[in-house]
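First chain A sits with chain B, and in the next complex the same chain sits with chain C.
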Partner chain A sequence: MKTLVRDLAIGLALAALLPSVLSSSYLLDVAAYAAVLAIFVLAVSVTFGQLGYVSFGHAAFLGLGAYTVGVLVAQAGWNYWATVPLALLPGLVLGALLGAVSARLSGAYFAIATLVVAEILVLVVVNWVDLTRGPMGLMVTTPPLPGANAVGWNAQQGYLFAVGAALALMLVLLRNLRASSTGRGWTAIREAPALAESLGIATARSRVLNIAISGAVASLAGALLIPKVMVLSPSLLGVTYSATGILGVILGGKATLLGPVLGGALFAVIPEGLRFLGDLNFAAFALMLLVVVRVLPGGLVGWLATRPPVARWVASREQRGADSLPEPARIAARPHAGATLLDVSHVSRHFKGLKAVQDVSFSVRAGEIVGLIGPNGAGKTTLLSMLSGFLPVSTGSIRALGQDIAGLPAHRVARLGVVRSFQQTALCAGQSVATNMAIASHLHRPPGFFGGLLRTRTWRARERERQAHALGCLDEVGLLPRQGDLAGSLPYGEQKLLGVAMALAAQPQVLLLDEPAAGLNQVEAARLAQVLSGLRDKGMTLVVVDHNLKMLMSFVDRVVVLHHGVKIADGAPQEVTRRPEVVEAYLGRAQQDRPEEVTP
Partner chain B sequence: MTEALLQQLLNGLSIGFGYALIALGLTLAFGVLHIINFGHGEVVMLGALTVVMAGKLGLPYLAAVPLAMLVGLLVGWVFDALAVSPLLRRPEGRTDILLTTFAVGVLFNQAVLSVWGPAPARVDGLQGRLEIAGVGLTSQRLFVIVASIAALAALDLLARRTRFGVEMRALAQSEHAARVVGIAVRSVGTRAFLLAAAVAGLGGALLAPITSYSPMLGQAVLIKAFVIVVLGGLGSAVGAVTCALAVGVIEAMLGLVMEEGLAAACVYSLMLLVLLVRPQGLAGAPR
Partner chain C sequence: MTALLQVESLSVRYGPTRALQAASIEVGQREVVALVGANGAGKSSMLNALLGLVPQAGGSVLLAGRRIEGLSTRDRIAAGLALSPEGRRVFPDLSVEDNLDLGDLGRDLAARREQRESVYRWFPRLLERRGQLAGTMSGGRPRVLMLDEPTLGLAPVIVREIANFIRHVRSAGVSVLIAEQNAEMALGAADRAYVLQNGEVVMSGGAREMAAHPDVRAAYLGL
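Up next, the complex of A and B:
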């Protein structure tokens, strides 16, 4: 909270500086327009940059905010400056609606939905003439900012201060959000949606929240545009503003916070410079868009910046030294010793005609290490996906920690304490190892949205705990020295270990590992076995699917064998591998060798 | 009253068949390449412009229609070379393609505006009119229906019976698997994209005499095509054709009771509603 007040004070001081030194009416006008466009482009960058969703209709929010405030001022006689903050509300609602419509689908649907919504609003504005004056335009007169006179500012200077202050406020709040669990969740959803879900992040709800916030900010920008344009026309909702939003983000660089501000401001200035082009202005926009996307995917800021920003955790980590991690934070306490954590009862899963899993029942008790084995196509991964809530069961039931998980989305199953890893490495390749761990610690001390937004004292304390917990989990797999590296640059084996550490950071009661050793060389596999044995000694409950039977048999307590989707054996490793039906499943009828001796 | 309804049904169906071709192009590119061409509307506009120009040069309408397909193909090639093929290999290429196709579409639109100006133009299609039991059908509308059915049948045959069609469907199912079995994934993808553009050009040429040409037609058509393919389920050809016919008819019927703009707003809102309650589209299977 203290930092928030400080940052806001700095922002307000900067916002007051410009109107105090500028007196030219032309420059004041350009500067105010630049600040409004910067807010608008900042709003676009929330969905585009953070979520990776392209919007072709953000002007819908801009126009909605402008018309809401404009109608209230011009038709109902409200005071303009008192009405401006209300513009956040319609944007929030429309954003939530757009989010609800497209959050479960891909970004392509979002792009289409934004375009269509903008078109609907244009039709409404054009046809509802009583309210909006239709194509003739709605004239809105705005009084000078209250108090501007007292400090010797004219109306234009007061307006510039107001938009500057709004920009500063939005910048500070959005910066805080980006660095909080909410923002890290968006990063994870953009780079690896399934991983995010497995770590307990409610991906659909996060997307809706993101789009709603973006809509609210864009709507505010629309309201602030009124003193500049004075007459509201349907073109506010048109493709030119939407394209400006996209291009501003791309020019500035979508990965950064300040890039879009720069990109937006540029758009107040560039058209002045391009005025000689006349009607070809828009063609110049399009050409720039094409060239920048083709040539400079990182945007201007990305192109100017020589190295990507490193996670803040790295520095503070080095100051503290490697041994100061609190032991209890390393692995979450597990209360139900010996209790049944997973109870799989007559579970089947069909894909159209194919019966991938048929009538499988088994249970896993606290502290047990269960190997789930079987030849290729036996249904192991399908079963694991059902256990973690990624696939619904066709028939049967799964109880996790006493609760039936039927119908629960995967992130809710993760919250219950059943966390999976993925066969193919799943991580945010473009982020540092530390950031990946920060994302994975989402479930540790569940975060409050407003705490992160305002950086309250409680939030900062929890963030420190979260950091210690995440680094403890990273230490568990021996990757602490790697925390500053880009996750995608790690060797394959270490990426797999990072996957295990991330699953650990989500505080599982039961950890489901899908082929953790697949593709590892002998050294890497030995390191993994060591890590898993270490987890077992600390009392972690594990279900491991793997083909490396030699490694698996060395530390599991029990194996469940699947063949063609049916459970054919369940028992201690030495006993199970002697059973003829297991040998047959692996080797065919005639041979007598034991499976572990033929594994490469 | 019944006659007015029947009349609007026929009018809606003929427009709907034109929409079907346009939406099919969009959904084809999505189904095979998993991309969305945000410049698709401009390809349709250029198809319509082709019949306008051909008419000015004295070419008969029927000769201009195949020409419009050829123009669609060429424009599609430009789109592919500038905005699709070079980006497909990028990690976030499919998001970038939304932007690049949009940009190339705007460039085409602006080029047309600066060369031929913003004025709309009427297109004389086929002349004449049939009248059955008080319900009239112009030869042009009949031609749109017949030509669209022929084109749809030809596309169906292409997809089912030719090697290219099979390769295209394999690619639609799984790029990885298609590559593994030796399909030249890039070349098949490009040809599918060109085919989609040619079909869009045809759609523009067929609809131009009914709706008349304007350089701004691309934007309106694009939104309508989006609504149709989302209603039908992105990537579904059957869904696109059925929903195109439905949208044509619904628009025509709503036109009886309200202004055109509001009728359009109603149809667009229908899309949002469908996304909310049945995101896989009306024809798509649940995922």
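Up next, the complex of A and C:
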């Protein structure tokens, strides 16, 4: 809260500075337009930059905000400045609707959905002449900002202050969201949606929230555009603004917060600066954009961040951040709950004609470590996916911690306490190890949306606890020294270990691990086995799929063997691996050379 | 006599991190050579740099006496290097057959079909890695086949199949350079081996002697 007030005060001071030093009507106009576009591009960057969803129709939100406020002022006689904050609402609602409808659409389909919404709104505005005056345009007169006169500002200076203040407010709030569990959830959805779901992040709801917030901010930008354009026309909802949104984000730098602000502002300033070129100014601007995209893939801010002085400054800040991290918190010992945690009863799974898992039954008791083995293609991963709610069963039932998980989405199963890791490394490759752990510790005392938005004292205290917990889990697998590295740059084996640490951070009671030792040598695997058996004392129950039998046999209590989707053995490790059918299907008989010669 | 593949003081850097520091290795004609080392020792960096997938910071690479470190990846493949990369790298949305064909672009249809059939004979139940290995192999005959963790995530019965495959490849006149966490399998299949540690070659010798060396046994075989 304290930092929020401080940052807002700095923002307001900056917003007040510009109108106090500028007096030229032309410069005031350009500056205000730059600030409005900065807000708009910032809004686009919430979906495009953070969630990774491209929108071709963000002008829909901009126009909706402008027309809502415009109609209320021009037709109903409301006061403009009192109505502006209300502009957040229509964008929020439209964003939520669009998000809810298209939450399951991905990539290109979402982009098209936004385009369609924008076109529909254009039709509404053009045809509802009584309300919007259609193509003739709606004239909206705005009074000067209340109190502007008292400090000696004219109407334009007051307007510039208002948009500057709004920009500062949005910037601070969106920065806070970005660094909170909400923003980290978006990053996870962008980089690895299945992983996000496995860690208990409600991906569908999180997407809807993202699009709603983006819509609200874009809508506010639309309302703030009114004093600049004075006459609202359907072109506000058109392709030009939508394109400005996307290009501004790319120009400024997609992965950053300040990039979109800079990009938006440049979209107002550069065409003005190129006026001396006459009619060629837009062509020249387009060319500049192309060059920037080609030469600076990270955008302007991405490029700035790689300059040595800036990079040093960022590194020193990160170092300070790392120095102030809490001590890693050991995972505390916990008693085991209940008797039978997983009860798999006559479960089958068919993919069209293929029977991947057939009539498998077994149960896992609290505190047990069960190994699941079988040849490649035996159905082990399919079974794990059903246990964690990623795949529905075709027939049969699964009870986890006493509850039937049929129909529960994966993130609910994770919240119940059944967390899986993935066979293919699943992590946010473009993020640091520490960020991955921050994402994974999502379920550790979730502090809520508003806590993160406002950075309340409780939020910060919980954030610190969460960090300690995340570091503890990282330490558990021995990756603490790697926390500053990019997750994608780790060798395969360490990526798998990070996957285990991330699953741990989601505080499971039952941990389902898919080939955690793949890519580890015998010594590293033996160390992992120690870690995993240590987790039992911390209240965890494990089901482990792996092909490293030497490791598996050293710490599991029981082995279940699958072959062609059928359970062929279930029992103590030493006994099971002696059975002839297991030896034949999985271990292979004595070395046999192939007689046949082929040309490689 | 010079080796078929001769690598002299090869270095690889990722920003400030040194992944490989002046590592020198040799692979002879019809020889299977294993790279053994912990996670992050530089095994994958070595293979990727040899194919030009990551930039090399120093050193020279000779293939059959010809310097290739200046060539593009494409030209290195044409010169006779082939790599089956680490992890489960196949094109998951394509059929097994399409994956095989991708390893074999640019050859005529009949040759491709024949090749595919021989691959199917070798890997009767094509799945995942075997498909990947096969895809690499189906691209004409390389002189040096590089395998990055070929046994990762495979059941013991198939690990054996891979070991047999490596022997077979050698008997067909191809040299093999294999990076493997499963040191037991790698040392079993190889003629010679190098141990990498923190990007440096710290030990080298015959695979059998290495497997018997107390340091190797303690550090990589867990014995």
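Definition applied: the second predicted complex is superposed on the first by the 520 of 600 C-alpha atoms of A that agree within 3 Å, B and C clash if a C-alpha of one lies under 4 Å from a C-alpha of the other, contacts with A are read in each partner's own complex, and residues count from 1 in each chain.
FYI, a contact is a pair of C-beta atoms (placed from the backbone, for glycine too) under 8 Å apart; a residue touches a chain by one contact, two chains touch by 3 or more.
Computed from a predicted model, the values in this text were never measured in an experiment.
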### Message
Going by the contact rule set out at the top, does A:Gly402 touch chain B (first), chain C (second), both, or neither?
### Response
neither
### Task
Applying the touch criterion given at the start, work out whether A:Gly147 contacts chain B, chain C, both or neither, answering first, second, both or neither.
neither
### Task
Please work out whether A:Glu494 is in contact with chain B alone, chain C alone, both, or neither, and reply first, second, both or neither.
second
### Task
Scan A:Pro481 for contacts with chain B and chain C and give back first, second, both or neither.
neither
### Task
Please work out whether A:Leu287 is in contact with chain B alone, chain C alone, both, or neither, and reply first, second, both or neither.
first
### Query
Is A:His547 contacted by the first partner chain B, the second partner chain C, both or neither?
second
#### Entry: Overlap of the chain B and chain C footprints on chain A, listed as residue numbers
none
### Query
For the complex, which residues does chain A have touching chain C?
373-377, 423-425, 489-494, 515, 518-526, 547, 549-550, 585-588, 591, 593-594, 596-600
### Task
Note which residues of chain A are touching chain B in the complex, please.
52, 54, 56, 97, 100-102, 104-105, 107-109, 111-113, 115-117, 119-120, 123-124, 126-127, 239, 243, 246, 250, 279-280, 282-283, 285-287, 289-290, 293-294, 297
### Message
Could you list, by residue number, the parts of chain C that touch chain A in their complex?
### Response
14, 36, 38-40, 44, 86-88, 115, 118-119, 121-122, 125, 127-128, 137, 141, 149, 152-160, 164, 167-169, 172, 174, 181-184, 218-223
### Query
In the complex of these two chains, what residues of chain B are touching chain A?
30, 36, 38, 82-83, 86-87, 90, 92, 94-96, 98-100, 102-104, 106-107, 110-111, 113-114, 219, 222-223, 226-227, 230, 234, 259, 261-262, 264-265, 268-269, 271-272, 275-276, 279
